[in-house]
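Naming follows writing order (A, B, C and D), and every chain is counted from residue 1.
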Amino acid sequence: MTQVIVLNGGSSSGKSGIAGCLQAVLPDPWLALGVDTLVDAMPAAMRESGDGIEFAADGEVVVGPEFRALEAAWIAGVAAMARAGARVIVDEVFLGGPDSQRRWREALDGLVVLWVGVRCEPAVAAGREVARGDRGAGMAVAQAEAVHRGVVYDLEVDTSRTEAMECARAIAQRVRFQG
Amino acid sequence: MTQVIVLNGGSSSGKSGIAGCLQAVLPDPWLALGVDTLVDAMPAAMRESGDGIEFAADGEVVVGPEFRALEAAWIAGVAAMARAGARVIVDEVFLGGPDSQRRWREALDGLVVLWVGVRCEPAVAAGREVARGDRGAGMAVAQAEAVHRGVVYDLEVDTSRTEAMECARAIAQRVRFQG
Amino acid sequence: MTQVIVLNGGSSSGKSGIAGCLQAVLPDPWLALGVDTLVDAMPAAMRESGDGIEFAADGEVVVGPEFRALEAAWIAGVAAMARAGARVIVDEVFLGGPDSQRRWREALDGLVVLWVGVRCEPAVAAGREVARGDRGAGMAVAQAEAVHRGVVYDLEVDTSRTEAMECARAIAQRVRFQG
Amino acid sequence: MTQVIVLNGGSSSGKSGIAGCLQAVLPDPWLALGVDTLVDAMPAAMRESGDGIEFAADGEVVVGPEFRALEAAWIAGVAAMARAGARVIVDEVFLGGPDSQRRWREALDGLVVLWVGVRCEPAVAAGREVARGDRGAGMAVAQAEAVHRGVVYDLEVDTSRTEAMECARAIAQRVRFQG
């Protein structure tokens, strides 16, 4: 049976909405954790530093060695949660593309994982970024396609013209349950 | 020239996203204020009381006399902001339908107002409510059609299959500017 | 009877906690509005622009002409809410000191106002800023004393060693009610 | 050297402020994770259900079997993060007192843990709960003393009259570093 669902997509692609819908439609309780959880857990000073994670004015996100070290432990811990019996939805932005996927794949070794690409046309994602009024304008476009390059999925959804709930239902159909 | 844009729609219909896009595409700075601003400004105790505003488990919202009294002063104040030169986007849920509109219409008397209905199919709004994971599930469906009954608009948009940015552009075309 | 309570103090001085306690201990419902409400209502682009409001890395806050124009209309609107019968707690940071107070005093002309200075030792406010983990570190120290220079109060409280609730009770004793 | 700092205290006792200050004063980057992170990661429906976690009107928090199951996996995962090299501050509310501590102690077996009790007089915590204007009034008083009964600490701090930063410095002095 599926133990981990990894949602990978750029900023404003709609991953967290899909995660929320998955939690509502899947029969068991699933935890939703993601890179935002990790960033919130880091020291405030790391959120504005070259050693940690920096959000540049043009939407680029730069990640330093201290971020990478904490992230590696975080990934190991999320994998351990799944091994301990929690079903986990991972909401991720593979800034490093296939390197990011490899890090997760190695940590999740032996677990049944459903890899999902969450795509959204750059212009649509950019509009949603404006609609939210967040800081960090530019991330949606910068990440929309880059995070998918070289990444391999079991399933891809596109939120450009499909609601989060509909995407979640398509993903849920691919989740395997114990008979 | 247009001084106030009133967006009326149910919970999860996408009004605040449209407001954010309007602020980005309109040439002048506009303030975005709404019933959420008012509720946040009220005493915490009023947010769970029959005299104030109660959010029932089935999605119904019940508004009491203390809420109405503060709301009347709030509306007068927002109108005064517009008269003092601020352009204001009002993000509202007309729980009372035409009665709600009348309250705003009287307060905004003499100002140039663009009345916009923000529609969203109940099932779509309900899905977005789930995607957000908010409390108060049920409000989207309860309000989707009720808030529009008997209300008169200059323009209606439907977010069911149209992005917030596209809706905002349609609204912006109806905003009149000084020549 | 008192119609408006103006709380002026630097960032992290504890104004919003006092406002929340005042709303709980005062017998009538009071609205709590402040400069944060105004900033949130502004276009996102204005929150990072020299024409709007900029938060510098050293804690300095720079306010431009577009901010001033919207702020003037905002102040007029808040005054109109009080004239329309709402009791209002204003949670402010007088970056301009006596000039800021004059702007509010003129707008509130004819209303019964209680002016309250909310002081906090710079080192204590700085510690609370760190505790919150907000961006914008440095504002607490930059503003702690500057916002009070030349400002005249009916009452001053100091949160350095006094809880918000205790400050609120001291303020509430100075609020006049109809007999 | 210390690998995990467990902060246990009731709602509004000031744990998260201490965690933020610890992250600022400790020389290495520490992750701050806690029961709030876990609750946010759960399905929205579990946050209002007897199987999950319910916040009663009187401040009581009732935890059901589905919550316990996810929590056990969560605790195992946080322990795995520490074993993988992350230093972790755990911000917890031991609703079950010594039973809660035992669950963490078993999961953290073999790690160097600093157990910290964060105390706050019930009346002070209740005032801070009002100051925040959160829902769930009553939790501060209900938990202030109950969460400490039967729990064993290396160190206790009391935020009633001591700032978060000062408490953090006292805790930091007890954190052991590699020589």
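We take it that a residue touches a chain if its C-beta (ideal position, glycine included) is under 8 Å from a C-beta of that chain, and two chains touch if they have at least 3 such contacts.
Not measured: the values here are computed from a predicted model.
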Farthest chain relative to chain B (centres taken as mean CA coordinates): D
Chain pair, A-D or B-D, that carries the greater number of C-beta contacts: A-D
Chain A-chain D separation of Cα centroids, rounded to whole Å: 27
Chain A and chain B: spacing of chain centres that average the CA atoms, whole Å: 32
Centre-of-Cα separation between chain D and chain B, whole angstrom: 39
Junction residues of chain B - those touching two or more other chains: 20, 23-24, 43-44, 130, 133
Touch list for chain A against partner chain B, complex: 16-18, 20-21, 23-24, 124, 127-128, 130-133, 161, 163-166
Chain A-touching residues of chain C, taken from the complex the two chains share: 43-44, 47-48, 130, 133-135, 137
Chain C - residues contacting chain B, complex: 20, 23-24, 29-33, 37-38, 40-46, 52, 66, 69-70, 72-74, 76-86
